[in-house]
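Presented below are the structures under discussion, each in the form of structure tokens.
Next, two complexes with subunit A in common: one pairs it with subunit B, the other with subunit C.
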Partner chain A sequence: MLYKVLEKNGYRDFVKSLISGFEFIGPVKKDRAVHDFKVIKDFKELDTAYIRTTIPPAKKILFPPDEELVCYEIGENIDVKPVVESGEKILFAINAWDINGMNFLDRVFTTDFIDDNYKAKRDKLIVIGMDTEPAETNFSPSVGAEFATGGFDLYMHDIGDRYFIRVATARGDGLLKRYAVVKDAERNDFKEYDRYMDNYRGRFKLDVDIKSFYDDFEVIYDKKEFWENAAKDCYSCGSCNLVCPTCFCFNVKDDMELNLKKGEKTREWDSCMIPDYGLVAGGHNFRPTKENRLKQRYRCKLKTFKEKYDRYACVGCGRCIEACLANINIAEDINSVKKEVSA
Partner chain B sequence: MIMDIKEKETAGSSIYVPEIATILKIEEMSQTEKLFDIRLDDQKKQEKFCFLPGQFVELTIFGLGEAPFSIPSSPGNRDFFQLCIRDTGNVSGAIHRMKAGDKIGIRGPFGKGYFPYERMKGKDVIIVAGGLGLAPVMSLIKTILEDRDSYKRLVIIYGATDPSNILFRKDIEDWKKRDDIELGLTVDNPDSAWQENVGVCTNLIPGINCTEDAYAVVCGPPVMYKFVVSEFEKKCIKPENIFLSLERRMECGVGKCNHCHVGNKLSCVDGPVFSLWEIRNLKEAI
Partner chain C sequence: MSKPKVGIFGFTGCGGCQLEILNLEDQLLDLVAAIDLVHFTEAITEHSDNYDIALVEGAITTRHGVERIEKIGKIAKIIVAIGSCAVNGGLNCLKNLYGTAKAKELVYGDKKDWIDSIDVKPVDAYVKVDYYARGCPPNRFEIVDIIRSLIVGRKPEIPNYPVCVECKRNGNTCVFELGMTCLGPVTRAGCNSRCPNSGSGCDGCRGLIDEPNVNAQKDLLKKYGLTVEDMVDRFNLYNACREKNIAEKVTGGN
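Presenting the complex of A and B:
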């Protein structure tokens, strides 16, 4: 990690050169409450002072909702080819918890087997991080995701009249050398940065008591009334999965063109809250009720990957809380598990 | 930047690309099940296609879809491998309509959890299968029979709904003739010609004599596991020596799509074979 400082008056030129030199994806204001990450051609479109984006940016870019994986042609022989698309892109002003969401996806898609389709996109994605204001539903510090230690090329912290930049890769260093005028951070810059971070951390208001969830969950697991109550209003719509930066469930399907000569394998996002998620051929459903499915979602988010990678599959962004039509609230449910067990 | 990256030798590849394979032979096993002999078209890859008992492959019917199936043939057979498939879904229905010579796609073999046949050597082995659950344990049975002297007693209990649904009849006829296999057959709905047991597999377990260090294996429809396992436990077989093949919905086979979670484990990469000890506290497992 290198530490650099960029004066505010050099910011506009730096970003403008990135916009003209690369496919540049950054936050754009969509309406009063929500921003969206889009390809930006003009500096004026960029609005880094965002609080909410509905769909996490990394998920859209690295793991699109509908993605071709393999194509084939059926003639005398069957010719099968991988479809691995990757072009260099800059993802600009993604915040710490969404970077951590992306880092989580990295683990999933590169553990046991390397998912080439994901990795090719990830390797070509230049990530420039920036802090944003946490929404009131955000509990990132409780799950250790409010600060990113890696997974980006540059991270720019706005410490007043200048940006304190953490440089994590040679690629990021190269961008600064080529497109910006920066200097090495000095003692005083660190002091400002330290003060800035204290203030930043203090702006997260929602606290979730998650430390003993790992074991408490097992005690609560069989408590029927608890889960019936937690899931009673669930519509099984899957909105929570759709907006989640770490949800990665997908289906693989084969499709043919009408001439029956060319076909493709694609993956499309799936949702563990939808009734047919655990349905197998022959009609058996491993998770037939919404209580089963909510329990599985919480287990997956808060236990499974804690065990596998020592990290939660939840970055505390709060999107699922806002997206839920039935007001199911993961933060409240975690706290309720704690209360229920310790009562 | 990305953690856990092992550089791959080939660029531009994808774990979702299936190998082209040909159906060599189709044998009708019952009204709903057929046995397919399959060989990968790339001869070098077929020669290298080695699997362990309990592992599975992802079968692609081009243009239609993909589904997981365990391999019932002997791992020692490198000329071809077999899949025993019930006509019940999209992919399985499609392969039932295919004929010898038709092309399919194969990915795999997959699964880190397999039946630990090495550890079973020198011990009694009890295998309980229900219905199509005989398919995943067939490769274990074949492995044991190819090296029969290394194992102590071999008990096979197989249950089907009715006599016409009994699979792998030729193998079962051979087993009946051998004096080194204790075979128990049972059906739920006997016909007039049926001379074996009637009822669920579980009924036959109390009659088995086995040592406490025996190994036990179970595979069958989801409802069966709990009952069979409790009978094994009455025999004082250790939970770490009881193995279950747990099959779930799978889309990818390589630990990405997340559908096949059994508690904190994934059936495709951590299983599909688990020891009872591993899963005994995973509430959804059995």
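Presenting the complex of A and C:
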């Protein structure tokens, strides 16, 4: 890692030249409730002071809601072609927990099986991180996701009159050399940066007892009442999964044209909270009730992947808490496990 | 089914569902090539009583309608109800809420006995319906998918999840957050969340999902400071025939 410093008065020119030189995706105010990551053509559209986005940026870009995987033509032979779309893009002002969410997706899509579509997009994505103000539903520090140690090219911390930049890749270094006037960070810059980080970490107010959830999960696993109560109001609407930066489940659909000669296979975001997720041929459903499904969702996020990859499949962004119309709250549920077990 | 004979029939409704089929434009020629179209009320003059699949639009609201649908039921091997009126009765059901006798009186005065008008019912109140292409208007691509699936012999994929799923796939801000009401959490998706996409709440035109959690709607209203009347009116717009006690559930019976 290299450490550089960019004076604030050089910021605008730096960003402007990135906007004109690349497909540049950054936060834009969408409406009174949220920001959205969009392609930006004009510096004025960019608004890095965002708190909430409905859909995590990386999920939209690397794992789009609808994605063509293969197309085929049926003639004398069946001709099947993979469809892999990617292009160089800059993702600007993504925060640490969303970078960590993307790093989780990296593991999922490249560990047991290399997902070419995901990987092609990821390799060409230039990531420039930036801290944002945590929402009150954010519990990233509890799951160790409020700081990103990798998964980006540059990370810019606003330490007052200048940016302290962590440079993680040669590609990122190249961008600075070409488009910005920076200098190497000095002792004083490091000191400011440490002070800044202490202060930043203090701005996260929500704390969850993730450790006791992990340890006690098996104890409450069969407590039917606990789960019935937790899932009572669930609409089985899947919103919690679909807005989550780490949820990766998808469903593959076959779209054949009416002439039955041509078609494509596409994948679309799926959700383990909707009833048909557990439905298999023959009509059996492995998770017929909403309490089965909620329990499984929490287990996947907070247990399964901790065991598999030694990291939670939750970065504490709080989006699922905000998205849930039934007020089902992962942070409260994590904390209530301890109460339940000690009661 | 290699080249099925298809009839497209209209009952009480606005005719918009048949229009949606005509709106297929790009796919229309492929569609008429893939099937043998023997009746299409809105588009062709030819007619034959020999068909395998009947696509039925509109609710059954007259005695004459009952006779016609029962005849279709005897001929067709497969019946597909298309659109909210055929599937759930649709807007027509507002007549039932008001009272059929009272409505006839109001509209036709002393000539009311000349008019053949009975309580509104959806198509499956009279004949077995095999597939439902829901919505007002229905999603024309879903109609195509049902026909294609019948031709290739597989089950059509009709979503059994709420509109919220499509809303999230489309990256919409939840309309509750924008201060409006929405039936999305209990309404069957398949419309590609078209109302929320354009900034208004879902009216439930595709009917309820299989296991709607209507009780939770009450808490939802409280959370967003909305009135129960809002929600009941919304439910009744498209679902009054089918979901009589939904309104009670939402209001807690009062």
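One rule holds in what follows: the second predicted complex is superposed on the first by the 343 of 343 C-alpha atoms of A that agree within 3 Å, B and C clash if a C-alpha of one lies under 4 Å from a C-alpha of the other, contacts with A are read in each partner's own complex, and residues count from 1 in each chain.
The rule we apply is simple: contacts are C-beta pairs under 8 Å (C-beta built on N, C-alpha and C of every residue); 3 or more make two chains touch, one makes a residue touch a chain.
Everything quoted here is computed from the prediction, not taken from an experiment.
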{"item": "Touched partner set for A:242, first subunit B, second subunit C, both or neither", "value": "second"}
{"item": "First, second, both or neither for A:48, with subunit B first and subunit C second", "value": "neither"}
{"item": "Contacts of A:260 with subunit B and subunit C, given as first, second, both or neither", "value": "both"}
{"item": "Contacts of A:234 with subunit B and subunit C, given as first, second, both or neither", "value": "second"}
{"item": "Contacts of A:280 with subunit B and subunit C, given as first, second, both or neither", "value": "first"}
{"item": "Superposed model, subunit A: greater residue contact from subunit B or subunit C", "value": "B"}
{"item": "Which superposed partner A:268 touches (first subunit B, second subunit C, both, neither)", "value": "second"}
{"item": "Touched partner set for A:106, first subunit B, second subunit C, both or neither", "value": "first"}
{"item": "Subunit B/subunit C common contact set on subunit A", "value": "253, 256, 260"}
{"item": "Subunit A - residues contacting subunit B, complex", "value": "69-70, 72, 74, 77-78, 80-84, 103, 106-117, 119, 122-123, 150-151, 153, 168-169, 218, 221-222, 248-256, 260, 263, 265, 267, 270, 272, 277-282, 284, 286-287, 292, 296, 299-300, 303-304, 307-308"}
{"item": "Touch list for subunit B against partner subunit A, complex", "value": "1-6, 8, 12-18, 20, 60-67, 86, 88-92, 103, 105, 221-222, 247-249, 251-252, 254-259, 261, 263-264, 269, 281, 283-284"}
{"item": "Subunit C residues within the subunit A interface of the complex", "value": "27, 30-31, 33-34, 144, 147-148, 151-152, 157, 160-162, 164-165, 167-174, 176-178, 184-186, 209-213, 215-216, 219-220, 223"}
{"item": "In the complex, subunit A residues that touch subunit C", "value": "30-34, 36, 54-55, 60, 65-66, 232-239, 242-243, 253, 256-260, 268-269, 271, 274-276, 290, 323, 325-327"}
